[in-house]
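Okay, got some structures for you below.
Both complexes shown next keep chain A, but they swap its partner, so chain B is in the first and chain C is in the second.
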Partner chain A sequence: MNSFNIPPNVAVSDTGFVFLPTTGETFTLNEIGKEIFKQLQQGKGYDEIVDSILSFYDIDKNSFERDFNDFVMQLKNYSLVVEL
Partner chain B sequence: MNIAVTGLNATDNPGPGIPVIRSIKAHPDFNGNIIGLIYDSLEPGIYMEEMANKCYLIPYPSSGLDMLLERISAIHEKEKIDLIIPTLDSELYGFAKIKDRLSELGIKTFLPTIQQLNIRAKDNLFDFCTSHEIKVPKNILLTSSNDIYKIPKDFKYPVVVKGIFYDAYIANNFDEIKTAFHKMSAKWGYPIIVQEFIKGNEFNVVALGDGTGETIGAVPMKKLYITDKGKGWAGITIDDPNLLNLSKKIISKTKWKSGMELEYIKSEETNEYYLLEINPRFPAWVYLAPNAGQNLPYALVQLAMGETIKPFEQYDVGTIFVRAAWDLITNLKAFEKIAIQGEI
Partner chain C sequence: MDTKKRYERPVITKHYSGFMNKIGTSSFSKPKKDIDGVAVTDLVEKFGSPLFVISEKKIRQNQRNAVRIFKTRYPKVQFAWSYKTNYLNAVCSVFHQENSWAEVVSEFEYDKARKLGIKGENIIFNGPDKSRNALLKAIKEKAKIHIDHFDELYEIIELCDTEKLKAKVAIRINMDVGVYPKWDRFGFNYENGESWQAIKRIITNKDLELIGLHTHIGTYMMSTEAYRLAASKLAGLARSIKEQFDIVLEYIDLGGGFASHNTLLGQYLPAEEVIPSIEQFADAISSGLFELNFKNDELPLLILETGRALIDDAGFLISSVLANKRLSDGKKALIIDAGVNILFTGFWYKHKITPAQDCGLHTEESAIFGPLCMNIDVVRESITLPLLKKGDKLIIEYVGAYDMTQWMQFITLRPNVVMIMEDGSVELIRKSETLDYISEMELLPLKLSLK
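Moving on to the complex of A and B:
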């Protein structure tokens, strides 16, 4: 699984509100989206993220991987994440 | 200090006068009076409390510049105007032409030159941009209905059909171009501009040039809500160094003197900014600038008064404006005063 980088000027609040300052766009993340986004922001890779999420949520690894890929694809479409 | 400001038409297509006044009055060093110069007795700004100390009707520039100057001289005798800030596109050529005569009366201005106004005219902007490697949508000028048939084949639909001063329609086929052409030529005259349609998001920059090529300040904004007239009803300051550098380049190449609004579209396809328009005055959303840390209207006052000021270097990203519709209540006496006596 590739690593990802969130542009340094992208801000996410505790409520999951994301602001992209280069375009003025705003986004709302749900609880788990916010958790994954924050971990991506901390520079964590997929393996670290999957371990942390599976330890808290009742989800199997295959389902999580599918959802994670969908989520990252959406983040990429909105320029909120860059694949390294 | 007595500052006269035009454009108090705070309507659904708002003039920039009220936000310019609010900005100036918001500056802690401002100590003076604001004189509203109005064209209509129902301009809402007349009836807004704590905006203009006095308002005077003036004739439209189309009535002749001598008449305008005569009226301003009469107002000046009463009010001792130090500075006039015209804020409407349609009056800028007129004020630029009488600025020396205003100066002889002791009234200062800080206006773009006629040459600068010509550069940004819709029929000249394309040449200016291409000669300075600034991206601009391809366009063609139509000066008669026969010219519609000369639109090059590489113009893909949709295209934007624009009037020389105002109005723009998106045409999806040849018949729609013809309809838009006739509608706009009847309203605004020639030429009509047919422009390549760039798909993407619109971005605007409010800026102030000092006339030497230096940018005194610039604040970029993304519209969050757009009315059916295409006016931004809400917007947010953004942080994009590419957009700021491009704006500074335009100010440097034009040696722009005065406030301005730069309108861009960021192509979805190439991610590059295309310059759509240079508006030769502050926009109606200029009050966002002082609230983001750059009081550009007050800086214009300082420049006009001959002060040396340091360019602004930063602003707060994420500052939002939301426009509101708000009913003002007045009485017949006030309306009568402005309608009959021409002042209030």
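Moving on to the complex of A and C:
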């Protein structure tokens, strides 16, 4: 699994509100989205993220992998993530 | 034992600035987990997915309501169930139990009504395609034949003459009632005098008895004024027939075409907010008919062939999510197991689509595609729904009209249809198709056999 980085100027609130200052665009994350987004911001890789999500949420590894990839694709689409 | 938190797939939604939509967006906070008190999960477990579900209770409510509304405005009213709208035997039988006649538009539908036990005299035979055999049968069984064109009129005259029969007939009349498109391909035209010519030709024939006038001005009509005009024009014709030929017609048939609560593609406001109520249609028709100025005992029977408005909201289609996809532009797409092959009205309507299980509050704009490997299989270009996963169920509402007659066996087989009875029991009213059923009508030349 590739590693991803969130640009340092992107801000996210505790309620999942995301602000991209370079364009002024704003977004909303759902709960799991916020969880993953914050872990990506902290520089965590996929393996760490999957372990933490699977320990707290009722989801299997394959399903999460599929959802994670789709989520990262959304983030890329909005220029909110950079592939390392 | 530690309990894990409910998972919902991660999603990010972009905010778009601009004016707020004054209508707002629909809330999906309340999933529809049952139909008439029967759990969707139980229905799917027993009858599979996709699954058409029809509510007997709703059909009877709709029919009784429509009868009450019209009978409180006009003294003599008869409904005739429009077979083409939904001709499943169970559905037709509910309408017939509610005293509806049958309105058919082909020999196949005619035979279906007869097989269900409807007498010929209680069948209205419409449509441009009535074979010689069908006409002969209908004349002998004293059905009410609504003549569509002069070729049919002359065929009936010739049939009655050679077979020494008498036929009870009406004519279908098309007219300008200010709506577009004008339905002038069915029946005889009012404005150019063709209908009057047909009336005179019938009246002067000894074997034909003119018993009624019929018009059907369109489908999914949103104008009540068009019905008032149509009723008024037919009333004027009936009055002229009485004055010139001293014939009092048995009935005037205003057809159907009342809009249901389905919202058309391209329609901005939801149907509930823009379509007239049955009361408004009834007001318009009865006020048009009162121009008859007949004595009470000479008032013709008002026949209505309402289809869609009586059955659409009694039909539901349960469907399962097969897959979530992300399109090239980042837009979400859902693939469900019900396609346009069984949801023909998906080409016309923005159906109400509701999840059948608890969902999170987060919503996402998605396209909904059916299971067919065909680009045309689009159930909805865009809809806002909660986050759904493979296996989740959706209920597509207002599918009682036309879907179970215009559906086609294409790529997949047509599914089970069940009826939830008034007492809450569930009856299978049409079995899902099988390969054997589909192959039954095919013949394989011996030299092509691989066995």
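The rule is simple: the second predicted complex is superposed on the first by the 84 of 84 C-alpha atoms of A that agree within 3 Å, B and C clash if a C-alpha of one lies under 4 Å from a C-alpha of the other, contacts with A are read in each partner's own complex, and residues count from 1 in each chain.
As a convention for this text, contacts are C-beta pairs under 8 Å (C-beta built on N, C-alpha and C of every residue); 3 or more make two chains touch, one makes a residue touch a chain.
Worth saying up front: this structure is predicted, and the values here are computed from it rather than measured.
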First, second, both or neither for A:T23, with chain B first and chain C second: first
Larger contact residue set on chain A - chain B or chain C: C
First, second, both or neither for A:L40, with chain B first and chain C second: neither
Which of chain B and chain C A:V12 touches, first, second, both or neither: neither
Touching partner for A:Y78 - first (chain B), second (chain C), both, neither: second
Contacts of A:D70 with chain B and chain C, given as first, second, both or neither: second
Contacts on chain A seen with chain B and repeated with chain C across the two complexes: 25
In the complex, chain B residues that touch chain A: 201, 221-222, 224, 235-240, 266, 317-318
In the complex, chain C residues that touch chain A: 4-15, 324, 326, 330, 360, 362, 387, 389
Contact footprint of chain B on chain A as seen in their complex: 9, 19, 21-25
Chain A residues touching chain C - in the complex, by the definition given at the top: 18, 25-33, 35-37, 56-59, 63, 67-68, 70-71, 73-75, 77-78, 80
